[in-house]
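You will see two complexes here that share subunit A, one where it goes with subunit B and one where it goes with subunit C.
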Partner chain A sequence: MLKIDHVSMVFGGLTANNDVCAEVHKGEIFGLIGPNGAGKTTLFNVISGFYKPTAGKVIFNGEEIQGKLSNQIAQKGIARTYQNINLFKKMTVLENVLVGCHTQTRANIFDAIFNTKRSRAEHEEAIRRCREVLEFMGIGHLEDSLAGSLPYGDQRRLEIARALVSNPKLLLLDEPAAGMNLTEKDILTDTILKIRDLGYTVLIVEHNMKLVMKVCDRICVLNHGNKLAEGTPEEIQNNPDVIKAYLGGAK
Partner chain B sequence: MKAFISKNKWTLLLLIAATALMLVLAQKTYYALIIALFGIYAIVATSLDVLFGYTGQISLGHAGLFAIGAYSSALLTIKFGVPSLLSLVLGSAITALIGALIAIPASKLVKHFLSLLMIAFGQIIYLIINSWTEVTGGSLGIMNIPYLNVFGFEVNSNLKGAIVIWVILAIVLLVKHRIIRSRVGNAFIAIRENTVAARGLGIDVQKYKVLAFAVSAAMTGLAGGLYAFLRGFISPETFNGTQSVLFMTMLLFGGITTLAGPVIGAIVLLLFKEVFQTFSTYQGLIYALFMLLVLFFFPNGIIGLYKSGKTAVMKLLSKRAEATRNGGAENAEN
Partner chain C sequence: MTTESTIIRLVIGALMIGSVYAVMGMSYSLIYKATGLMNLAQGDFLMLGAFVGLTFYKTLGLNIVLSFILTFIVMFALGYVVQRYLITSLLNKGASFSFIILCTSALSLAFQNGSQIIWSPYTLPFPAIFDTGAVDIFGAKVAPENLLVLFIAAFGAIGLFLFINKTKLGTAMRASALDQTAASSVGINVQLTKGITWGLSAGLAGVVGMALGPVYGVYSTMGAMIAQKAFAGAVTGGYGNIYGAVIGGLFYGFMETFVSAYLTTTYKDAITFAMLIIILAISPTGLFKEKVIE
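What follows is the complex of A and B.
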């Protein structure tokens, strides 16, 4: 479904990604891990169109998407969350998720001005779907709160809801568990598994190993911009190179 | 409908009272003119709210767009004999088109760069209408613009003008309301709140910024056309840079992202301008004071002040009610 083909990303003299190859299959949860500064978020930004890779291709459903604008990539069905929360703080929870429906709805300025039947029906359908997703994420009761006033964990959940509501073919989660407490992390683990069971494909960057090992079908490990290993959670846990990268040189 | 009425009964009562008062005052032709101008400036301030309040794009060049609306409507009727109502609509469309064209480069700029560009735009339009004498009449302007004719109803007095303009203002407010709560409006607000996230959700940021400019320009152009037909005379002095600052002050003073805010701001500032006409040399200074007042003491404008006042009173009342209840309970125990 998503093929990362020899992608390199160089910032001035810093190589953030060096000739990385990976492939995400439909319906799986694919983990991207690595020590700090390994280039995980950079790779995410390349996939979602925030960066144009220095070299290499990103192929999504048979189409090259590298270097396209992030809004075009979103239109193709890739939705993402952010490591540093990027919500619309002064909009309500429901409004945030409604913006997430942007690619799924069509109403233009004239539909809005004349309040056409088509646009009203579309709007009602969008709201229904938003409530459904908020309920699924466990924040349905907060729909009228301002997004900026939510506790941290709920803001993370709202970001996932906003991405999920667009029915993405591929969902990118950038450190979804960052800043969450243990209970919240357990709930999140279940939620991610449920999202996969609904038929979504998920690509996740996460530092919390417990979560990663529990949810991922396959994992790719990056270190200093290079791909170090790829495999199932068991294979990764027993890979000497990975252990070395995480714990320092084994004697 | 019933729920809407009972929820907004004070606002509605106030509206009815204001309408009645204005109709009474408008019997005097000078007052009627002022009331008509309230409406025109309220449309402009509303249009700025769409652009600045909701989409976060600042413009200090709206006097330029106002001028384009006024001159194109007037010239279409005088030079080409286009019926006045059609000229009004075409003038608005032309302004929207020019607004969209300027927005294509402008939408790539943010904050002070954008405001500089829009100031320059306003100045360019001002210079064009001042110097292109054969078409615009130069500094003398255009005289004897015919009355607006709305399907046979000739708007030949200030009173009629005031009524027609306030009806149009109501339509503009309805249009604004509908746009804002639609998918398009959500995209506008999303761009203002977080451009990166908006783009990541598939919103074509540039397209929507251009659209916001076009909508705002269409409204301002309409107001410009109404101004030309109401006054029967236009000259460059109505469209200088100070006017752009006045528009922005009206919006900020009234309160952004509300329906009533720009209308109230327009009325207050225009009243102020009329009452202190003798100090017209110091206009810029007075607007600056108004703006500082807003920025320091009530950043959400008059409407924000009203809302926070209402919340404070409610809090006080509920506190008092609670105190009475607690006091009552204590008394009962004793």
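What follows is the complex of A and C.
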């Protein structure tokens, strides 16, 4: 469903991604790992339209999307979260998720001005769906709190909820477990598996090996911008190059 | 005329001009919140709205409601174009905010002089909208056109409030103002949203300007002083705070009306702006700090 075709991304003299190829299949959890500075987040930003790759193509459901604007890419069904959490901090939890429905609702400005039946019905449907997703992420009881006032783990969950509510074809999670404690990480692991069981396709960047090895169907390893290996968690754990470059022989 | 009816007349006058300042102040704050910019041509959107409205209503002889709607559409389009093609192209060239604000100041002069070329350098009379004479409100005689201004400004302010807080597009606007990156990654077209913000504030200013036509007449600098007072109101209320702008605008409306009725008409503007300086000296963030909005 998502094909990364010989993508390179160069910033001045720094090559963040060098000729990377990978393919994410429908319905799987695909992990992207690598040491700090390996170019994982850069690749995420290329996929979600924040960077235009220096070379190569990103093909999503048969359509080239490299260089398109991030809002256009979101409209095509790729939703994402951020390593450093980008929530609308001064809006409530429910409002944050409602904004996430943006691509889903059809009512136009005239419906909104005249408060038509369509706009009201759609709004109620959107709120129902938002509550459902918040409940699924385990933060349903917080819907009236300000997003900025939530504890870190809940902010991460809210960001995933906001991405999920748009029914994305592909969900990009950028280090979702960063800053979470052990219990929160276990809950997150279950949640990600449940998200896949609902039929979503997930592309995840994560440093926590326990989580990655548990949830991912396939993993791609980057090192210094180059692709080092690709395979199932077992294959990756037993790949000598990967052990040398990344796991440091600690296995 | 009894004292009570005088006071009622003054209160209605104060509400009328105060609500004009309020809605103009809201549009300043809206632009500031959504784009971080200040639009010094805001008063000239009001003035152009009055001229455009006059053209539809008097020259083309259209129905008054239709004239208001068309004026809103024309002014919305103008505001949208200014943002999308002028402001955005300056931003894309990396112009700093102070130069963009200067550019809106130049735009203001261009609009004022342009209106003199297109329409007239003199004050044009706007024909009465209602056939009835003065309306009696608790013993005070008030021209119905003044009530129309009050109605339009209040309707605009309430409509804007509902729009920002209750609609999908309004939510998208607030979201873009809070975090552009996150907004674009949930599929919001941030540039389009900004254009609509400018369009809305120009459209509102234009409609208010048209309503003011029968009260003050239509002339090229009619927006300038109103915009300054509205700006004072917005700053007093806490710049960027759209509710503060309403309270600030009403405050200056009342002050100006009662100062000119009981103290002096010569120095009413001096007193208004002296008040602004005193308030800013005491509380530089305005009466209601930015917090109230958020």
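Methods note: the second predicted complex is superposed on the first by the 246 of 251 C-alpha atoms of A that agree within 3 Å, B and C clash if a C-alpha of one lies under 4 Å from a C-alpha of the other, contacts with A are read in each partner's own complex, and residues count from 1 in each chain.
Heads up, the rule we're going with is that a residue touches a chain if its C-beta (ideal position, glycine included) is under 8 Å from a C-beta of that chain, and two chains touch if they have at least 3 such contacts.
Predicted model, so just to flag it, every value in this text is computed and none were measured.
Chemist: Once subunit A from each complex is brought into register, does subunit C clash with subunit B or fit beside it?
Modeler: Pair status: clash.
Chemist: Go through the superposed model and pick first if A:N223 touches only subunit B, second if only subunit C, both, or neither.
Modeler: neither
Chemist: Identify the partner contact of A:N17: answer first if only subunit B is touched, second if only subunit C is, both if each is, neither if none is.
Modeler: neither
Chemist: Between subunit B (first) and subunit C (second), which does A:V99 come into contact with in this model arrangement: first, second, both, or neither?
Modeler: both
Chemist: Let me test your reading of the model: by the given contact rule, A:T189 touches which partner, first (subunit B), second (subunit C), both or neither?
Modeler: Neither subunit B nor subunit C is touched by A:T189.
Chemist: Using the superposition on chain A described above, determine whether A:T201 touches subunit B (first), subunit C (second), both, or neither.
Modeler: So A:T201 meets neither subunit B nor subunit C here.
Chemist: Common interface residues of subunit A with subunit B and subunit C?
Modeler: The overlap between the subunit B and subunit C interfaces on subunit A comprises residues 48, 50, 69-71, 74-75, 79-80, 82, 86-91, 95, 98-100, 102-103, 105, 107, 109, 112-113, 123, 162-163, 166.
Chemist: In the complex, go through subunit A and note every residue touching subunit C.
Modeler: So the residues of subunit A in touch with subunit C come to 48, 50, 69-71, 74-75, 79-80, 82, 86-91, 95, 98-100, 102-103, 105, 107, 109, 112-113, 123, 162-163, 166.
Chemist: Please name which positions on subunit C make contact with subunit A in the complex.
Modeler: These residues of subunit C touch subunit A: 163, 166-172, 174-175, 178-179, 181-190, 294.
Chemist: Could you list, by residue number, the parts of subunit B that touch subunit A in their complex?
Modeler: 175, 178-179, 182-187, 189-190, 193-194, 196-205, 211, 215
Chemist: Considering only the defined contacts, which subunit A positions touch subunit B in the complex?
Modeler: Subunit A residues touching subunit B: 48, 50, 69-71, 74-75, 79-80, 82, 86-91, 95, 98-103, 105, 107-109, 111-113, 115, 119, 122-123, 126, 162-163, 166.
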